[in-house]
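So that you can tell them apart, the chains are marked A, B, C and D in the order they are listed, and the count of residues begins at 1 in each.
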Amino acid sequence: MSIIIQPAAQPVPESKPAVPSHQPIRAAILGATGYAGRELLLGLARHPSARVARLISSGRGGAQPFPIEQAHPRLRTPTGLPGGQCEPWSPDILEDLGEADVVFLATPHEVSHRWIPKLLEHGTRVIDLSGAFRLKDAGAYPRWYGFSHKELAALAEAIYGLPELNAEAVGGARLVANPGCYATSVILALAPLVRAGWIDMDRGIVCDAKSGASGAGREARDDLHFAEVNENCRAYSPLRHRHVPEIVQALGLDEPSFTFMPHLLPVTRGILSTVYVRLASQRDAAEVQSLYQTFYAGSPLVRVYSDGTLPEIQAVAYTPFADLGFALDEETRRLIIISALDNLGKGAATQAIQNMNLMFGLPQETGLLQAVGP
Amino acid sequence: MSIIIQPAAQPVPESKPAVPSHQPIRAAILGATGYAGRELLLGLARHPSARVARLISSGRGGAQPFPIEQAHPRLRTPTGLPGGQCEPWSPDILEDLGEADVVFLATPHEVSHRWIPKLLEHGTRVIDLSGAFRLKDAGAYPRWYGFSHKELAALAEAIYGLPELNAEAVGGARLVANPGCYATSVILALAPLVRAGWIDMDRGIVCDAKSGASGAGREARDDLHFAEVNENCRAYSPLRHRHVPEIVQALGLDEPSFTFMPHLLPVTRGILSTVYVRLASQRDAAEVQSLYQTFYAGSPLVRVYSDGTLPEIQAVAYTPFADLGFALDEETRRLIIISALDNLGKGAATQAIQNMNLMFGLPQETGLLQAVGP
Amino acid sequence: MSIIIQPAAQPVPESKPAVPSHQPIRAAILGATGYAGRELLLGLARHPSARVARLISSGRGGAQPFPIEQAHPRLRTPTGLPGGQCEPWSPDILEDLGEADVVFLATPHEVSHRWIPKLLEHGTRVIDLSGAFRLKDAGAYPRWYGFSHKELAALAEAIYGLPELNAEAVGGARLVANPGCYATSVILALAPLVRAGWIDMDRGIVCDAKSGASGAGREARDDLHFAEVNENCRAYSPLRHRHVPEIVQALGLDEPSFTFMPHLLPVTRGILSTVYVRLASQRDAAEVQSLYQTFYAGSPLVRVYSDGTLPEIQAVAYTPFADLGFALDEETRRLIIISALDNLGKGAATQAIQNMNLMFGLPQETGLLQAVGP
Amino acid sequence: MSIIIQPAAQPVPESKPAVPSHQPIRAAILGATGYAGRELLLGLARHPSARVARLISSGRGGAQPFPIEQAHPRLRTPTGLPGGQCEPWSPDILEDLGEADVVFLATPHEVSHRWIPKLLEHGTRVIDLSGAFRLKDAGAYPRWYGFSHKELAALAEAIYGLPELNAEAVGGARLVANPGCYATSVILALAPLVRAGWIDMDRGIVCDAKSGASGAGREARDDLHFAEVNENCRAYSPLRHRHVPEIVQALGLDEPSFTFMPHLLPVTRGILSTVYVRLASQRDAAEVQSLYQTFYAGSPLVRVYSDGTLPEIQAVAYTPFADLGFALDEETRRLIIISALDNLGKGAATQAIQNMNLMFGLPQETGLLQAVGP
């Protein structure tokens, strides 16, 4: 297993823009009717250098295009969105998509697995929000994803798109595997410590993560009925959530040393991860603070708290940020890291746009900060 | 259309008990895996004179009986419920059900329509929580329920089971049509005024009702996904909700004078109905208060507020009560009645048990008050 | 009582800009630590032609300035907001505020009442989000607001800032009284009908409005405790909510013909108003549709639904829009209008910025559409 | 520090009843207007052998008694509760309280600390829901509770009222310190493992706990405003929550080996604790299952899951149960225990009644099972 952690505060790669600077990036979205699809559309609509050229979905409606606002009432406008028609998916679209500069897929794993190699053949760049190209070890797919991976060339080429660790590689990628929402939350929480070798790995790492219900997607399911999620909190997938392998891959951990338990929260958006480690040697709070601030000094979408307060979901919902804070018991070397992000934002769509920015030579935060202020 | 309003503070009918007093009433529940089924089971389990003899469901699992706690985690016990197995529905069960003293159906309208006549043939009493036997006019079913009613004899025999209006008839019934949740809320709010002839009917009645999501049943639906109901409120079925005909039937109203608009609330349980009328002549608050208190003097499950406060959902959730309060502008004769109940309680399961009590010669509140105190 | 309804699709006034076009509008916010204050800050931070120059609050902290992110964790940035210090309120600030081009007050009614005349003396323009200058009749304040109005000159000068009715007057105003959240929702729902004279006023208007809890402000209150609002819905202030007089004033209604009942919803943001009228003469749905679309043709922040669906809170939360839809029973002439908006958006902060835009000669939607796309 | 774990499936002590069996236990509640007070009242009202004799509160109203339903709308009845008047607290009441067989205190720690010794002098038994008498080490109070403990005799006499560990001692107690809500949840999760010595204590124990907002009490607080808790989840009191010392005391742990982090959930009721340990030696799931089932065989209010599903808040809300389930990775010996309870039920009021039952020689579950069925 290769460790793909990169230097922390890496400069934005100076690759030359993939599109002439005076033209907007033409983007297509497959899976535009889901929650991540909606956030991609919103984010790209605000982006100064991108334009949504195609919206495609297999989820709703029949064979006819329909206004995307039927799927997303928030997107209604008096006059209709420019390009606001959503087309039903059909393999015939593949050829047309070659005209897009970038295609975002917010689709089931198997759909991404099947069609992305064909999209690459047509010469477009691809950002995949599914898990189909996240794991370097093709042999891991049956266990974690329930299908056999047959697209080994694309898998080998895919870059794991966590810009805080991997910006340079993303900049040169044709295919970016956008990380999972939990994975983003946990990797960002742990990367500075793992890289610095500060964790007592014999004691292991415990990660207790909590996610809002939009993270489960928009499909109707018995266990996502309002009355089942509301006034409830439940753990699921103990020790076998499919974000585990991408976390251990990205951090270079041994799987048994990393215990991960996700929980479903009665909120729509947001992930809060509480990560428990024991430091290998004694450090004070200022050292931990400094480690994180240095690591993320070049990362405009990671906010390291410096005042002893702890991140919470409301601080990050509807924003592109991942927030990090910690509590340390110096004497016993117990360190608890709290990591918060919006599962549809930094955990999905805004991270995908951050990757697009890098792929097209733009500052990674381009178009993403308006959501929350200057 | 016949008006079925009965004298207000009617005595509990003195019919002789249908089962020997030393034996518990043997009850069966069809539709035990839904939300109303669960509340029936809970309510009957607490009842001093009833015993749940059979649990049946077509909703979950296959051909084998399964522990009901699989459908309702709240019902787990260390030792298992007595009789806690839920059987899959099959017409073969009909014959066995003849041994039950009463069968509750918390089933789709069409299921109730089809099987209830057969249950009556087998000699059991039936309490139906669906709408299949609520409307006296069989011709209204295609419009409001989308199917043609073919069981005219059973329909003619069915008694609309709102005990506050109809206790005596319920006491002698073989088939009780348990009212709709909205209908119960609205009829209780209006009956004293309508019966007294106090409403200026030329001005019409406006009823704005709000319900929690459990009222829509437990089936997975796109629009009941947690993320669609949470942080939302929406109106639906304007002027065409299927509880309208049973309300106008029970109150003897002309349909055009009754405007009803339901809304979906982001809560699990509860209905709040806000009913707007203009009084035909000037009344003061004490007169209105007295009208309601007199009307419901014999109704232990209706709580008329006398201190100027207004009912709210939290006052009734998890209780068998319907709460009524009002605000009056004496000068302009505008009267607003607020009616609150638990859609799974007085709007469904506890009302069904209240009907059972009457059918078996028990005080109507038997076994129902423990949920909230003395 | 004067009727202040203006022609519907009014052009943006061509007043010359109050600040040179190459300089940003310097804005100050009094009451920056509340919910409306936060939204003002977010909205102005996104605005292409404005700059937040001062943040002031009396609500938190003591005598020292503090980073505004202490009050609003969502506003954290790695580097701190430019001008992100919030100053404690003191009358000494008044003089300094003369340097601001516009001061927004998101303050209690009495605070606005007391200090706005002094701000006007210092030559700044003022947009007041309280109710202190909304009612033209000073004599109405004791009844509705509980204090005597002593600032008659400022009251006479104040313009009721509902741009869809009043854009030209706003364009020339020094003092804009930003409408109440419920009032905005209801006036927009009714203005086309009232102005056209289509309502049978003998039958009266019933408005059942539902609001999220942020509408009650950020102060700790027993009845706003999470456990009191959650899983609840309750009516309050029957027939006596203080938004009633501004609604009847803006629409030229007789108060007794307008029945208004607000309800508290267990959501953070959003208002849904359900408005019930009887039309004076028969109209078909197309006519009603056309009336609304024509009326709001020049209003980019009002979205009139044309496909028979009804607005809901999720369609407008976190947007600057007011959404309108309706259901009509042509035969009985019953019309139900549904109006949805974000109480912190079009019901407060984004409407205040819309007013600022008009006061400074900008298109009214400037800087407001990014929140939701093109 | 003494370890107070008792044999697991202890028999109910055969002390003779403290009141003649034909008379109900006369109970008084101090702090009747809070959430725990309400649940005590509900629970005692259902109890077959108890009667609420006095309701007392200092929290609301002035010097006059008031109907308790003013504080708890759910408790309204048409006729008023028997004894439903709530008296304002005054030291004069102490003498009267001597007539009560038992006094429940749902009061602030300092209030309990001050008045309980006086209540004991008056000869009544006391069950204290505060933390004032939970810690055996008086010297720990300044650090964890912020006050100096001066009532050493009462502290020495107090019995920690977790019946699953301590039933016999509770049976003979005059003063029971009812455990904290988190503490109950965590101790029940860990006791079988700790007692069996199965945990690799060098690796430590991590407990990530999540609680609903009613656990913070009913006082208005900025951070309990609906809009602050809703759509949020946040960690608080890292490594310093005041339930830590009672957990380590009850289990005989070293504090540094026990890491506890509480989180606030946007639900009203319920605690979910996720507890992470490493087993000292290899065990299979059947062994763990057996350990728990044996330990809790005599504990009717603990439900050990045997089917691999995990407890969730909805399974326990509004019930008196604590539910336990687990996930084990046999190879790596990682064991995750999930513990769920209602913080107002088994975490407070129903546990207090369970203790009362033991103190008066009744089966511990007397009167508690009706809430959820047989």
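Brief remarks follow.
Convention: contacts are C-beta pairs under 8 Å (C-beta built on N, C-alpha and C of every residue); 3 or more make two chains touch, one makes a residue touch a chain.
For clarity, every value in this text was computed on a predicted model and none was experimentally measured.
Farthest from chain D, judged by the mean position of CA atoms in each chain, is C.
Interface comparison, C-D versus A-D: the pair with the greater number of contacting C-beta pairs is A-D.
Here the spacing of chain A and chain C, counted between their Cα centres, is 36 Å.
Separating the CA-averaged centres of chain A and chain D is a span of 41 Å.
Averaged Cα coordinates give chain C a centre that lies 47 Å from the centre of chain D. For chain D, residues touching at least two other chains, in rising order: 228, 230-231, 266-268, 312, 314, 317. Looking at the complex, you find that chain B touches chain D at residues 41-42, 45-46, 73-78, 81-82, 231, 296, 300, 302-305, 309, 311-312, 314-319, 321, 323, 370-374.
Across the complex, chain C is touched by residues 35, 212-214, 218, 220-222, 224-231, 266-268 of chain D.
Within the complex formed with chain D, the chain A residues making contact are 203-204, 206, 208, 210, 228, 230-236, 238-239, 256, 259, 261, 263, 265-270, 272, 274, 276, 278, 310, 312-314, 317, 327, 329, 331-332, 334, 336, 338.
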